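Letters A, B, C and D name the chains as they come in the text, with residue numbers starting at 1 for each one.
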Amino acid sequence: MNSSRNLTLSDALCEATHQAMKENKNVFVIGEGVTDPKAIFGTTKDLVNNFGVDRVIEAPLAENGLTGFCIGSAMSGMKPLLIHQRVEFALLSVEQIFNNAAKTHYVSAGKHSVPLVIRMIIGRGWGQGPAHSQSLEPIFSYVPGLRVIMPSLANDAKDMLYSALKEKIPTMFIEHRWCHYVTGDVKKSASKINLDGPKVIKKGKDITVVAFSYMIYEALLASEILEKFDISSEIIDLRILKPLNLKPILESVSKTRTLICCDTGFREYGISAEISASITENLFDSLKKPVSRIGLPNRPTPSSRALAANYYPTAENIIMEAKKILNFTDDILINMINYLKEKKPNIRADVPNPLFKGPF
Amino acid sequence: MNFKNNYLDIYKNMLRIRLVEEEIAKRYSEQNMRCPVHLSIGQEAIASGVMNHLNKEDKIYSTHRCHAHYLAKGGNLNKMISELHGKASGCCGGRGGSMHLFDEEAGIMSSLPIVGSVIPLAVGNALTIKLKKERLVSAVFFGDGAIEEGVYHESANFAKIQSLPVLFICENNLFSVYTPLNERQPSADLTRHAKSHDIKYLRCDGNDISKVNEFAFEAIEYIRKNNQPFFIQFDTYRHREHCGPNFDDELDYRKKNEVSFWFENDPIINEKNRLINDKILTENENKKLIDTYLNEIDEAFKFADQDSFPDPATAESFVYEF
Amino acid sequence: MNFKNNYLDIYKNMLRIRLVEEEIAKRYSEQNMRCPVHLSIGQEAIASGVMNHLNKEDKIYSTHRCHAHYLAKGGNLNKMISELHGKASGCCGGRGGSMHLFDEEAGIMSSLPIVGSVIPLAVGNALTIKLKKERLVSAVFFGDGAIEEGVYHESANFAKIQSLPVLFICENNLFSVYTPLNERQPSADLTRHAKSHDIKYLRCDGNDISKVNEFAFEAIEYIRKNNQPFFIQFDTYRHREHCGPNFDDELDYRKKNEVSFWFENDPIINEKNRLINDKILTENENKKLIDTYLNEIDEAFKFADQDSFPDPATAESFVYEF
Amino acid sequence: MNSSRNLTLSDALCEATHQAMKENKNVFVIGEGVTDPKAIFGTTKDLVNNFGVDRVIEAPLAENGLTGFCIGSAMSGMKPLLIHQRVEFALLSVEQIFNNAAKTHYVSAGKHSVPLVIRMIIGRGWGQGPAHSQSLEPIFSYVPGLRVIMPSLANDAKDMLYSALKEKIPTMFIEHRWCHYVTGDVKKSASKINLDGPKVIKKGKDITVVAFSYMIYEALLASEILEKFDISSEIIDLRILKPLNLKPILESVSKTRTLICCDTGFREYGISAEISASITENLFDSLKKPVSRIGLPNRPTPSSRALAANYYPTAENIIMEAKKILNFTDDILINMINYLKEKKPNIRADVPNPLFKGPF
């Protein structure tokens, strides 16, 4: 009996947490706002009612300390889930994450574990502005010893959070705020899955698109448009940025001989740089064109929607890159863009695209 | 400096801030101010009382809840309302939104949304003042939550050992978002974190404008004379939700009697009544004041409405200052 | 628990630590211990006195200056000396070096080189103790410098509001590297940073082993009974350079009379004299003790010498725990 | 009159600081240990005697706070030079650096400046171990608004530090401890130079090698060996990692049609990933072989010299990559490696190579 329902990704995360806490009394949740009425965008709803204040700990404002408390408690037998409403707040705790969470298992030659999951949310839209909107995954992905997960699909998000809470690896679980709204078929029970890397979420043969987190939705939209014009794209959800498993990407690119990578963060020194460099090293002779990268331009996020408009890449950018690679005609491009505009009428850059509500 | 007991001016300052923020609240649902807003409604006495003793040249630093400080220190209203609208004439040209207000001409250096993050900046400005022998005061406003961040302590210790002219103003509104102070700290007496750093301190009801005015005077006088830091705790209360234009007491996170106690202890209403009682103000004059301010505010919103959006082509400017 | 006045045991413990570290100092120039070493020579009474009241199951956390804590708590000597040599049997298999000593069997959880970084870990362990109802104590040792880091304050506040069984032990040796406390903080009374967090505290001469023993007992008893944090400041002095095997008072960063005051107040010599005076120990027994320990230490160095280096092929293991 | 002497890079930095402080009374120096007898590996020697404790400020242990003090003081008219003896200590201040140092000029639409220079030192050798040895430049290079400088040559280090102190850009000046020992001809006077990017430091035609900081010395050594076997390599000192100026690299690779990039830090998600991806995007059709990347393997730095031995890449790795690209014979490779071993006899992995003392 594993029926599924249409749920938002945020509800799916909430369910995963309830189930993990029910099954393992060593799991506890801690963070600023975890017990409050807004319950971290609904993702910690009812936890405190079900599990009490000992296991659902409302925290003072002390992100660096909190991270250290969680590491110490993870090393001594608990399984903390620490939550930051914005990834920026975790910037205060980078020393703890880099030195103590990431390295303790290695430095102790395997004698200590740090089974800690840190959920961090990338804010976006509604004028969040420069300090509440950053995609900081490359910072964490640089550090061996950390696992970096960025979910896009609701059921997958549930399984990944649940599985991360079963394992012993210090995990940065980075959620894009706009993915919270997305819905999908979510199984009632939670499954322990292998957190082993990227997944092909849509089969195709002409072009490979690697994306993750929110950019999956832009990629799916682009793919739909391309399909209308007989271009078949294979979409890979990167899911796990560290440790990085290139195998599924290599397989796909071996077939399509083309690749577009999409970042939620900055293009320069971003995640796609590593993927582009690695894939090119391995498949230099098969690649028809250089790998395309899509990401944010080299500047902070402005608050004003007027300035945010051309800031975030969308399906349109993916289509433009596809044109560069596949060399279809300008006419086709224009038709594609027109078709896209029909599907996605004048949407403001600062609110989630209602098209992307799913279910996916 | 002499003590300034210009209570009518202070009252006007508070009243104006209140009216600006009520107007923001009223218009917020029109969705033209597309950024989070943290209103200071209920906490205005602190901003107005402290600024009464700071000169234009003195520097202030603030947080996500910066409207009152900005206005009380003399920040440009049009630039503020434009900024909230993401428009080109905003103080940040639309880049910052409501949590990044500043107006250098008025000595408002910076407001920052990361809790605690602005505190060391104010200390750094005080270091500039010391090194340049400017004889100014650098004042920083922050909440009861911010004092939990380690950086507060690093800032207090440095200010003390370097003898820096910085005023720490902790506005204790008893909450960090929905979480009450007593779940976060062992005591509501936050001056213990001044004492431990050997910093002089005072504490009072932050809704009592005459106390605020007196204590602020004492603190600022002390700083100017001694080139040493000072810490004041003002107890106060916000009327509306943490972030946004509405009241949210239907959520029941604040005790009913606590809410009613503080709402009845409204700094502006109390002061108005006192001024009228003392014949310093009449109801009629008060109405006129309100009209004047509403007019000014209306103009500011019109200004913002008519102001253009920043040209997207300018989005690339100012990443670096070559 | 009853108060343990087993001063001969404590003396032995201190003596052994001293001899281990003197041997390290002696052999350091041979360049087989190729990692920085921060010796505790002069500060041994604190480690020995505190550990006297901690059980094997109790947990401790330490810093870059961790040798004394490791040994006093019962850490394996061979594994320590091997670790300093970067050898395979070292407690970290050679991966950590002298600033990463731990021995989980002896309840030594972690030592960390980033100042202040270990403090919240100890608090986290105390949280585990609370949640698992283990009735243990988590103790963390740190210096007068570490208390300047914001994370100390975040840790103290959380320990207090969560009622955690953690013992904060601040070893004030008056210096952070070459910088004296009075250049860094307004007062040498560091208990002010316990008081401000509403944490019980004591302070005493950390070189007076009977005081250390009594105060540690009182603190640990209190924690076990009340499940509340406790803070002790022990004033002490290191004899040698901050990092490395040598004396460095030719650099003149410490006042001559301060140095001689503290060197004359050597916890081990004082205690030896007292024990001999009180007829608990004879010179002859003391010599035998020294011989026994030197033998053990010599064995440990032999062990480390003969121990193999970790196989370079193993360098890839344990990045992740799949 | 601009005579030069043979100085170590650390002495060169010290001279730059003296000169900058003499010329501009708004420059001050702050950090833990700046006035102590060791004087930050000699780089702050005599500063306090010359300029007094007001301008050479011995700091308490409070890295996050210190960074904020410097930002506030920079915004209000001073020019702070903040120094961390290890880059890891700066991890405590990443929130201040990312949000306040990097973004203030942008967010204030140019009204505020943050003319702050932060010197950070990468420890290496002598069992520094996992938390005192990290190359964290990719973390900082990801953030628009920051400038990231990594010097390798003594005179250039002097000019770059001096020039950074003249400009208004928040600058992360990251020094490799082993570069401190290197000597070079250093001009007496300091020059304000353009901090505009990479520089060709050795001309060549067969292969381009991009490196920075300490890896420049391994690259020069490799180049010398290759030269013996008639392979001419062009060496580019990257110098300024952010903002990234690819032009000199593009020019060189257009000519050599080959590229090896060397990181001091991790290979995965490292600096070279961006260079590889960017160069390939631009010169896909000219490249003879995929760009090679050299960097640390995906694991923390162990303390033991036995484990550190195969950890750090050297000239040998560069030569091996050159073989992959240029396809010279195994025999030549063996001869090269033998020649290298002669030049660089059994040197311990945990102390600086005396070969690299210079002068360069």
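Just so we're on the same page, a residue touches a chain if its C-beta (ideal position, glycine included) is under 8 Å from a C-beta of that chain, and two chains touch if they have at least 3 such contacts.
Only a predicted model underlies this, so the values are computations on that prediction, with no experimental measurement involved.
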{"item": "If a chain touches subunit C and subunit D alike, it appears here", "value": "A, B"}
{"item": "Inter-chain centre distance, subunit B versus subunit C - centres from mean C-alpha coordinates, in Å", "value": "46"}
{"item": "Distance from subunit B to subunit A - Cα centre to Cα centre, in angstrom", "value": "37"}
{"item": "Subunit A and subunit D: spacing of chain centres that average the CA atoms, whole Å", "value": "32"}
{"item": "Residue numbers of subunit B (touch at least two other chains)", "value": "92-93, 95-96, 100, 112, 114, 148-151, 154, 157, 161, 183-185, 319"}
{"item": "Where subunit A touches two or more other chains, by residue", "value": "59-60, 62, 64-65, 88, 92, 95, 99, 106-107, 129-131, 144-145, 243, 298-300, 302"}
{"item": "Pairwise touch network: line, ring, star, complete, or other", "value": "complete"}
{"item": "Contacting residues of subunit D [partner subunit A, same complex]", "value": "64, 88, 91-92, 94-95, 98-99, 102-103, 106-107, 129-131, 134, 136, 138-139, 141-142, 144-145, 242-244, 265-266, 268-274, 276-278, 280-281, 284, 287, 289-293, 298-300, 302"}
{"item": "Residues of subunit C that touch subunit B when the two form their complex", "value": "148-154, 157, 160-161, 183-187, 192-193, 195-198"}
{"item": "Sites on subunit B touched by subunit A in the complex", "value": "34-36, 86-87, 90, 92-100, 112-116, 145-146, 148-150, 176-179, 183-185, 251, 253, 309-310, 312, 314-316, 319"}
{"item": "Residues on subunit A engaged by subunit C in the complex (per definition of touch)", "value": "26, 28, 54-55, 57, 59-60, 62, 64-78, 80, 95-96, 99-100, 104-113, 144-145, 147, 167-169, 243"}
{"item": "Subunit C residues within the subunit A interface of the complex", "value": "59, 61, 92-93, 95-96, 100, 102, 104, 109-110, 112, 114, 117, 119-132, 138, 150-151, 154-155, 157-158, 161-162, 317-322"}
